[in-house]
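When the chains are written out, they are named A, B, C and D in that same order, and each has its own residue count from 1.
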Amino acid sequence: MVERHPPSAALAASLQDRRTLAQRYAAVRAQSMRLVEGLEPEDMVIQSMPDVSPTKWHLAHTSWFFETFLLEPHARGYMHFDDAYRYLFNSYYEAVGPRHPRVARGLLSRPTVRDIRRYRAHVDTAMRRLIENADDATLTKIAPLIELGFNHEQQHQELIVTDIKHVLAGQHEMPAIRPAPKPSPSGVAAMDFIEFKAGLIEIGHDGASFAFDNESPRHKSYVAPFRLASRPVSCGEYAAFIADGGYRRAEFWLSDGWAAVNERGWEAPLYWRHDGDRWTIRTLSGERRIDEREPVCHISYYEAEAYAAWAGKRLPGEPEWELAAVGVAIEGNFLDSGRLHPMADSAHYTPGLRQMFGDVWEWTRSAYLPYPGFHPAEGAIGEYNGKFMSGQMVLRGGSCATPADHIRPTYRNFFPPDARWQFSGLRLAEDI
Amino acid sequence: MVERHPPSAALAASLQDRRTLAQRYAAVRAQSMRLVEGLEPEDMVIQSMPDVSPTKWHLAHTSWFFETFLLEPHARGYMHFDDAYRYLFNSYYEAVGPRHPRVARGLLSRPTVRDIRRYRAHVDTAMRRLIENADDATLTKIAPLIELGFNHEQQHQELIVTDIKHVLAGQHEMPAIRPAPKPSPSGVAAMDFIEFKAGLIEIGHDGASFAFDNESPRHKSYVAPFRLASRPVSCGEYAAFIADGGYRRAEFWLSDGWAAVNERGWEAPLYWRHDGDRWTIRTLSGERRIDEREPVCHISYYEAEAYAAWAGKRLPGEPEWELAAVGVAIEGNFLDSGRLHPMADSAHYTPGLRQMFGDVWEWTRSAYLPYPGFHPAEGAIGEYNGKFMSGQMVLRGGSCATPADHIRPTYRNFFPPDARWQFSGLRLAEDI
Amino acid sequence: MVERHPPSAALAASLQDRRTLAQRYAAVRAQSMRLVEGLEPEDMVIQSMPDVSPTKWHLAHTSWFFETFLLEPHARGYMHFDDAYRYLFNSYYEAVGPRHPRVARGLLSRPTVRDIRRYRAHVDTAMRRLIENADDATLTKIAPLIELGFNHEQQHQELIVTDIKHVLAGQHEMPAIRPAPKPSPSGVAAMDFIEFKAGLIEIGHDGASFAFDNESPRHKSYVAPFRLASRPVSCGEYAAFIADGGYRRAEFWLSDGWAAVNERGWEAPLYWRHDGDRWTIRTLSGERRIDEREPVCHISYYEAEAYAAWAGKRLPGEPEWELAAVGVAIEGNFLDSGRLHPMADSAHYTPGLRQMFGDVWEWTRSAYLPYPGFHPAEGAIGEYNGKFMSGQMVLRGGSCATPADHIRPTYRNFFPPDARWQFSGLRLAEDI
Amino acid sequence: MVERHPPSAALAASLQDRRTLAQRYAAVRAQSMRLVEGLEPEDMVIQSMPDVSPTKWHLAHTSWFFETFLLEPHARGYMHFDDAYRYLFNSYYEAVGPRHPRVARGLLSRPTVRDIRRYRAHVDTAMRRLIENADDATLTKIAPLIELGFNHEQQHQELIVTDIKHVLAGQHEMPAIRPAPKPSPSGVAAMDFIEFKAGLIEIGHDGASFAFDNESPRHKSYVAPFRLASRPVSCGEYAAFIADGGYRRAEFWLSDGWAAVNERGWEAPLYWRHDGDRWTIRTLSGERRIDEREPVCHISYYEAEAYAAWAGKRLPGEPEWELAAVGVAIEGNFLDSGRLHPMADSAHYTPGLRQMFGDVWEWTRSAYLPYPGFHPAEGAIGEYNGKFMSGQMVLRGGSCATPADHIRPTYRNFFPPDARWQFSGLRLAEDI
């Protein structure tokens, strides 16, 4: 994933309430720091692969975002904490200027974690003052950008979790930074297939509240009749695919996927390890045996696609998923639960779609492309999403590392088809 | 591109006429050999980059296709020309068995060109006999596969042209294997934008004649109102983009495209070279000054996309392009003309869409994905198209290297977004 | 460099004095910890290139050495601090078992710096007990290994300095971990050439005290008459080479060297930077203007060789250097001075060879090969030196990062010809 | 290997005899063309790895050498065959100007083999005229360069053989371009060790006839007493090393060698293949079972070194080898025999050193470095040898692909320690 955002059209009046805005600011920023509790400074420096950023980089970059897009242009007399940070913590904004190379983020020992904590405090003080003291016209103008900053920081909260998981899983023994969860109730609900009728529907965001620019404009799309599985594929089901030679039989795989399997030696989801006759899994609560009832995660699009082919099904498309999700309550296992791992669903739920939100991002079969009529925002902020619209696939629904108030039915997450370090799983669909 | 095909549902009775079938077989096979006239054996060995195959490999592989899918299973007592060829000339069919590595095709000096000519003759004799002698039931069954073989060979005819162009363009001086074309009439028609209304349309092949499996099934798609340019973008227009800093300004580019520009040092289309204050172009008739009126070609999807962004337009989607193409006659500058280079359109054409077919493939903004309800064929033949449905973009309309009777409105070509060695250009579109 | 050692033939009786041995152990181990004062935990994790090891890795590996070769076999009832460390901190001893991949040392956040301090304390306690309690026969037997451990740790002390310098020099601003040195007296002594006569000499260690196995056996070598420069080449002299196009003129370079210049974009020694019309240098006291009188350092063998070609001279051979060094007092600017940077020599020194020891390692023109009659030790310890005898060049004399009591005239350091991150400089020679 | 040469001091009067010179020119040039009999044009284009050059490149480059160093400066009114060839066929002479990249030699289909045959004829005509018509002063001056040209071409004759062998061995079935040799007499002579006394000897060329610059100057070297094996190691002996786990036991290997074994999957000499329970070998007479009595060849320095360690011996040094070779007649199995493969020595030879010349190049333990007092020639010709004096090891004695009149006891061949495609074997030595 990469960060995105945009000037949401309509800002609720409540956001213009300075107090509410300041409280929300404080809450979002505090949430980031809570995530790094239990980490050592050494953990927070390492870039375990090019896609991963060091924890301290995330903590700094989210502050750079507020500094660059809010404080620099709008906070009179704002003094930079350190001029070098403008270069070091720019992620990819060409319009803002040159930046430290992404692949070399793990070579920065300085600034230290302590320095970056001080940087965050510096930015927080300035942001509090800006929210307090800006004149009404300015505040109205910048409130959408501040909200974008909240959403931006929430995206990095998810990345902090997935990135540090990758770093820690690379240790000789996986350190546990979260307590082991209680065992879930036994049994897993059957996988039903819910039927949806054909129709010319509308998808995309309607602009009534915050959304990223890539969710717009709302537009018509024709959907043929289909069925969608009532829940994501479980670890037990995925283990059956493996046991049936799933990773050794070319016939299930896209050509690029088969190449990835062979070149990288994939034989199971990321973080699974064969230990004698059983599979273990590395989680942020340490390594343990897999729970067959949990949704499978840390699989690439290629693996999701191959599983579906093996199962005689397919992945849903974006319009199908969104059509199905519209009526579903946004509840589930999110970052806020603190588990940081997908959970087996209780078998007692009522029939219907379950776990559409939270637990695992669900790969769709839709490429990440602009919606008809899409236009990125003007200026640097316009680089947030649009320029990544090639070579990636869309995922939907949020995960156990997504803040609960960050997700919505129209939300489009996107990653390259070989990415596995996100909490990515799958839900099956089929034609009627 | 990679090869594709599929059992077209309905075969016209005329194909079952053995004579017609034999004549068509002879004509398609002869066309391949005509393409290599003027080449030296040395030219036909070289693999100038991993995407390119040596000419002699194409000549052998197309024969292998008939041998593997027709002669082996259906020609009683067929003797292989050389058992090793089953390994050497399998392109990518996992179900058929192991094969010589694609990247090492250029290391094969043996079999020689002369050997492969003999191989072709061997297969041709056996195919003639099969068509002549098969009983009616068998012929009915294999006729679709033979037609697939024709279409397969035609696809490789285009690749022979684009691959040998890449090889020859890598020589110190570009050898001319075709005579220089006569200068086209002066002037280029204005670029008009033709308007199309919104609607729920149907696209995809209706099954009445041969088509590849990826063109099916025919299905509904909603199209918002749009305009499509009357002709492709010309070299002169593209040169203006370059002159305006097109390759130095990040704001026009997708992120992956900008990376490609910088890592590979792109500053113009492939085969363009800056010579003092003007651009030259390497063609199969040698190197010469660019003709500003010709459609620009040998550009990647990234460049097409960036040009469109610079021009304030966009690329068309597959449904839009197909909707527009349906009523257009399939005429133009194809492989059959022997020019092997796009032509400037005459300014005397009547208004409306021009050059939709031939000259240059047109990049669309659609990712190459399965149509709703798509299912690949059973067996090895099912590997023809479906397994390549990730990471590529669709192109439409055929080029100056496409046989005229190989193209149709529903035809879906596909290449990775950084591919430039095909005759690929662009046509602009815009929202209404 | 890579580590080396060997059972020195004759151990002085004083080493068998337990108190002396324990004191020396404590002193060597304390010196390592003094070197890391001023470093942040974040600094100590990073592997800035494959040749570099993180500081904490060095601190652990030197302890692993005592644990593996002394405590495991000889300390009754020794309990490992952590079993995983046997795998994590083995450098390259095949006979000891598998090990963490060298290139991935920078991915280890755990064990933390704090853990490794505890590990050192654990090993230190056990080593103190072993020295105190071993019976006389055992002590006699292990004393050479303990001395090897001292020398091994001293080698890593130099590497700690050179590696952390590389890490810190990669920061946006080079942090100073040492105070700026006082300016040296003005002027630099002239470079004289001291004459040596031809002769059949003996070089190599005579076995009277500790030496590494690669310094043995002492053997005859014929030396033709030559002259050796009185001091190393200075930064000012090297800057003249650069100004004369040294890095742009192929005629001075070995073919491999010229390739390195062009592929890596070398245009000055490592850590030099062109800042307008002058050169700055990054040191462990921060970045400053170059001092023209200091010995040039952080150059590769290729650069030393090219400089000598430009100057119309050559590098000395090992036998020449050793012949010249034998009568010279081992005094100079070593690790013990705490400067961690080469110094300009005082102009008041008496004539003769100066700065043969300390300041900068001096590249010789001798490949690192076994001396006639060389045999590595038995067992894992035999892997210390011998197996690295290919592809490297010998350096002599020690540097400002070498402990004073670690160097001797027969000492053979060795690095690949493209290595630049050591304190490596050159001294000229010429034929008579 | 790379090409070398130098102005041999004294030219025999007979060379100045124009007729002799012209005859020798014709003979050397004709020998090159005889080597390519039996090759197809397709064979002669391919560069099967970066070290290999296409056959036609060798044929052209050797002509370029005469053109550049003889015809351009000395043949009045000489017209270049093709100006582009000055760029295309310069191997590495920086002083001569830019050149086609070495790694891309296999991308040149043009000029064709036919073109290059015409190029050779063009150069030959001009050279004949130059030798005939040059005035005496010029001829005296250029005769050493012509002789250098002969030796240069002879070096490329060996490379033509080793390179085309690599190309052909990469085919699915190895084509035989030479008839199968008659089986050798049974039995292999015992390996004796011949003793040599210590002494201060002289090695290097004395200047009385042609030699390359790297063989000079003649100089003193001290040699300790040693023994040298009476013959090279045989395939049978080497197979015993393999059978004893030679390629799986780190203890025999240099560190770089062990890395090569593991990274490249070496488990036998190049061109050996395990076929059930026996070894086959690919030769220019096709693939067959190994002959246990033949000298082993196509091994790297690392393998030679590891074999010696396994056998409890070592490789000889250059001075040792040369001392032993001085009294031995230069007879044996050379290029001139046309076998192009090493032969088992007859068991009937008299005692003493056998096969010192021809059959296989023998790896020494000496790095390829300048002799004391070495100075390369002035100008472009000075690039012939000196600039390659890093990172390579010396081989001695010539091989079955070396012209008989090209080798001498002082001849220094050199290759990187991982090179295997030359006819390289080993002879054991030991200390006394």
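Of note:
As a convention for this text, a contact is a pair of C-beta atoms (placed from the backbone, for glycine too) under 8 Å apart; a residue touches a chain by one contact, two chains touch by 3 or more.
Since this is a predicted model, take the numbers as computed values, not measurements.
Ranking all chains by how far their C-alpha centres lie from the centre of chain C, first place goes to B. Chain C and chain D have Cα centroids separated by 38 Å. Averaging Cα coordinates per chain places chain B and chain C 60 Å apart. Distance from the chain A centre to the chain C centre is 47 Å, each centre being the mean of its Cα atoms. With touch defined as above, chain B holds no residue shared between interfaces to two or more other chains. All chain pairs in contact, by the document's touch criterion: A-B, A-C, B-D, C-D.
Across the interface of their complex, chain D is touched by residues 40-46, 48, 56, 84, 87-88, 100, 104, 106-110, 112-113, 167-168, 170-173, 175 of chain B.
Of all residues in chain C, those touching chain D in their complex are 2, 92, 94-95, 200, 219-222, 224, 250-251, 253-258, 301-302, 305, 317, 365-367, 369-370, 372-373, 387-391, 417, 431.
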